[in-house]
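Paired with chain B in one complex and with chain C in the other, chain A is shared by the two complexes that follow.
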Partner chain A sequence: MAASKGQRLLWHGRCWFSQAESAVSPQPPDSLYPPIVASFTAKSKAAKRRRLEHFRQRVHAAASVEEKLRLYGLLQRPKYMVYPQTFALNADRWYRSFTKTVFVPGLPRRAAPAATKAPGTVVPEAAKGPEGATGVAPGAAKTPEPGTAAPGAAKASEPAAGAVPYLDLGELRSLACDALLQESFYQTKKRPFLYRDQDHTPGPFLTQLVSTLAASLCGRNPLLAASSIDLKPEVNYYWHHGEEVVVHGHRKGRVDPVRFQIDDKPHLQIRVPKQLPAVVPLDSDLGDVPVIDHKPSKLPLFKKQYENKVFIGSKVADPCCYGHTQFHLIPDKLKRQRYIRANLEDQIEVLYQANGIASLFAWTAAQAMYQGFWNEADVTRPFVSQAVVTDGKYFAFFCYQLNTLALTVETIQNNPRKNICWGTDSKPLYDVVEDGNVKGFNDEVLIQLVHFLLNRPKEL
Partner chain B sequence: LFQGVRQAQWLTKTKLVEGLPPPVLSIIDSPDHQFEDLEEGVKRAISHARFWDTTEVAPRREYYCPVLFEDLLHLCRLMSMKYPSLAKRMLARNYRVAATWERESILLQVRGLNGILMNSVAPIPPVASKEEIVATEEHTLETFHPISPTIDLQEVNVYKELNDTGFRDGYPYAHPHTLFFLESANVRPRRFRPEQLRAKMLMFAFGNALAKAKVLYGNDPKVLEQPIVVQSVGTDGQLFQFMVFQLNTTDLVSNDGIKNLVWIDPDQNLYEKAQCVPEVKKRVVTKPTGIYGFQPDTFKKFLALYLHGTV
Partner chain C sequence: YPLFQLGGPQLRIFRPNFFMLAVRPGVPQPEDTVQFRVSMEMTKVDIKNYLEKIYNVPVAAVRTRIQYGANNKRNHKNQRVKKPDYKVAYVQLGQGQTFQFPNLFPEKEQDAETRSFDDFKDKYMEREKQRQKGDPRRGGVPDWFGL
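== the complex of A and B ==
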């Protein structure tokens, strides 16, 4: 108080000596008293509001993204750990409500790359068109190359004049089959460790398949040439959604936001320096978000308190800061046979969907945070990433568009935007591997995978 | 191995040549390959492995060594844009090899999980000319009397003399191309010293080549008309050892006759130091974070070994 009194005296003194200026400056003098605001440390709602406001200003004014992330996750409190690969029943509905996501079956239509030359003259558009809602003839599909014929017609064998060479489906198929055969048949391996079947065959097969396909397709997709592949990276995201009352402990009775944390370890991921293009505009409404009245712990979901991490797979300084595709491997605990034995066949798709939604939300949201957005500063452009969830034989494809990060109680009230996830059912890539032959190879799954890898911004 | 490469040379009846063989050097020197564009990519790969890959401040060697290797291999694989036949390569992790041979009445064998093997459809053409192969006849293997050549080797009772390439018949990628060894233990005593790493690389390259030779030409010891070439790269995340091994003969019992050849390029640093946290002395930053002493030549050699055989 001594300082402020002295200041007031000084101010009076100045006013005394500068009476001439007071006539010049007609502004009324500021109040003599310091501004009256709520307390900072009291246990009152006004004090809580002031503390929140102070926190928001600190994060807004943070000098760098690392500082922003550090301040965002500074306060540690018990939070729900959300596992993307979960055995919980109907987990995808719960995860959609936690992340405000709309699920659209089928994949979005995209610009067609050059035609695929397959021995059986497979029409490529039919294979890559959405399998679900809009089965319209893809006449509206944007084709950048002038040489491609009208959609629906089988591609003739003459190559487009001067355009990108044809995708040789036969060669890609042989690459995939070779990878599969090497891992499952030709290489002499010991018996798999107990309950570690995934590390024995499907894991190495997936790594091999993706690396060889990415290398052979990098000529067609310059984004892949500048990409960075991570093996078993970590992806983390921390967010608040909804409110609850603290049940027990010294903070009993206070209203707290519900905190969630996803710690994901995909098998493989591809990160690129440029962002994938948005599929639909930022404010589109393609469906409803499920509303669940129960507490998240009923899913079951458990709380723990530890470091609040936001991580896309590498630090902020990495130039490849946008995500392209993630590949997830279903662990042995959650394989199909166990579900079938427990009479839960319908939950198999739920597992794939929940994995896709949760992992992709965490990845896209962490990418958005790396660009400086957070729930008070919502995203100004949509963030798009893709994922493939597989158990070695069955593949399910997902595409996620993040439109909003504002999921806290205050910011969600006037926010009409929803995140969107497109996804397919799981389809087998092959039937069985016998005697050095792959039987029943499914070209559609391979074409879909190739299209995923070829996805790029329109400028490239 | 106690004596390192010298002991391995005696055990495998090999003559050592310093530096890399002329065909590989010609790939490095040829102007077709745009190494300059790749330099940026290599720097990014090193930064990714040493700085950015983890939520902690600095990743440990057991993380950054494989990550660096994967990134460099990814960069090499992207060259298959220009050379489509590069796509005919397959990596095999966790594969097992077994090879047995006799050396002056001592039965030796090489077995087990070694490193990561890259197989290709087509074999690497022989690197040394016929004259050089014949010239090895006069070369005498150096012995280190009184130390027995089998010192430090584990004596094991073997009931089956096994020769196995690690893959079944009919495998399309039949020829071993390059072996990669990653010394990624965190603790220095657990890692191989460079000399021992080179010896290990030599032994396993020889084992792979011998197993392949026995599959192709049978078990009788003889001089091969079509020598088999296997390359090998060993690293601990910073230091690289390059090796090209050529198997000229499977007649290993006697000490005379044609010998095998190996070209070794030892101890190539990819970078001198990778500073994760800035070094601060008396509140002044003396060394900011970054990569110091980057040498693109090491990556050029890595890429040349990768491209060897298809270019």
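== the complex of A and C ==
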């Protein structure tokens, strides 16, 4: 019976039935109805997830970096303004928790393979004397130069300064002293206006010092020759970290990410076309990040709503899109003397460290965003930059390695990477300037500055 | 306060008529922060000097704000009743000191007699409630309801 029925079906000319079966039987046909997904506009968690997913896909699929940055900072909401130079107490602990940074005292002592330099900390000279004699990095890297540079560069006689055999410390010291004396002694200036002391003398001195040192070291560091120095640039970065519940307003009760914005104006910065080499591998763990349970407003930190800007000092199309060194000048309201008068000596170092950490995080993270990375697409290579924080006399050196941009609640959960900041205490460059003489000039600080400027990737 | 001009005498207060009240913070504060209610006329400098000179407490930073007392309640004559305004000071202690507002009303340990009395009281109340309830077969309907 069944067989005759089947034959009758076929005989009635429904041969399409057998063909359709063979084509369709492996999988069911695609549905004619649209896919069942959560709503887009409802006030529900599923809808929120769908909206976030849609936003992430839009940013991932953005055609250019400018479009990505535009979409990233599109939605404006009240956010905390993080000031790198702040009077807040223990600000460096808070800033480290906001940026997931580990602070390592002392500068990275890089191993001295043939190609890289060994900047080391401020008292390495005695140890580096013998190394210098064997021709560490600079010798190997600058092989075409020694013959030509030697006549011009008289070798520094003291072994303490012989860390880099082809570097004339005397010449550099005289450049530094010239700049200092020109600004503070030779040039007659009127009395500075109230709270304008830093713009009067240390500001121009720093600009002059860095420009002349960079110019004189161009020959040794081809990266500096291709660099671009910005005067009073702007560096901005916007990011999310952690969650909070909205307290009052029409959005009361909703869970929002905590938004931060750094708007920094370093005194001077050097941008280069090639990236500085990584100091440690991407996944290294050199310490702990402080965890602070309190709201950021207890620091004190204040909220405002304005443009979410991400900027390194130049626009995306600029070829010098990586950072080399920043120079920060401490303003008058945060001078050393004021802290000492208020019995807050321990907060002086906190000020320098907070400045270093916040400024460098903003700069490196903005550089990473310029390359297309963001908190959903984490960095695949570490971004390294350096900074010098000074108030004209005391210098503190910082080196920052950005290992991760993923600081939001979802992305931070399975992210073991931490950003690392190396830093020194502030040391004076000189003691006093009297009658055309600079008394107590500190060579270590100058050498450290020179090492910073000479830092370059392995290939060069 | 009389305005200070450069070269003029510095204002010195020898027996201040100010009072500072240490309060429990409504929202959790960092460990080095103490919250006070102070007189409306006190300034940050006043608060710092007050704590340092009178109580020898090292003060690193002071922040103040004025809390507005609401004016919405009405009395029996329908006049608005104002709650007074007050100034709140958040003082951050120096030299790494910390402060935790103490628990002023800790739970007292009950001795055996009070505990047994409390148990007896609870059992009695339960028994009374059971007695008040009617027949469970009537499902909570009162016993006067019926034909």
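Definition applied: the second predicted complex is superposed on the first by the 377 of 460 C-alpha atoms of A that agree within 3 Å, B and C clash if a C-alpha of one lies under 4 Å from a C-alpha of the other, contacts with A are read in each partner's own complex, and residues count from 1 in each chain.
The rule we apply is simple: a residue touches a chain if its C-beta (ideal position, glycine included) is under 8 Å from a C-beta of that chain, and two chains touch if they have at least 3 such contacts.
Please read these numbers as outputs of a predicted model, since none were measured by experiment.
Would you sort A:N343 into first (chain B), second (chain C), both or neither based on which partner it touches?
Only chain C is touched by A:N343; chain B is not.
Which partner chains sit in contact with A:L89 here, chain B, chain C, both or neither? Use first/second/both/neither.
second
For A:A317 in the superposed arrangement: first (chain B), second (chain C), both or neither?
A:A317 contacts chain B only, not chain C.
Is it chain B or chain C that touches the larger share of residues in chain A?
Of chain B and chain C, more residues of chain A lie in contact with B.
Per the contact definition in the header, classify A:H294: touching chain B only (first), chain C only (second), both, or neither.
Only chain C is touched by A:H294; chain B is not.
Jot down the residues of chain A that show up as touching in both complexes, chain B in one and chain C in the other.
On chain A, no residue contacts both chain B in one structure and chain C in the other.
For a test of understanding, state which residues of chain A touch chain C in their complex under the given definition.
For chain A paired with chain C, touching residues are 87-90, 292-295, 298, 300, 342-344, 347.
For chain A, which residues are in contact with chain B within the complex?
171, 175, 178-179, 182, 185-189, 204, 208, 211-212, 214-216, 218-219, 224-225, 228-231, 233-234, 236, 309, 311, 313-315, 317-320, 436
Using the touch definition from the top, list the residues of chain B that touch chain A in their complex.
Its residues touching chain A are 44, 47-48, 51-55, 66-67, 70-71, 74, 77-78, 80-81, 84, 86-87, 90-96, 164, 166-168, 170-173.
In their complex, what parts of chain C are in touch with chain A?
27-30, 32-33, 58, 60-61, 63, 92, 94
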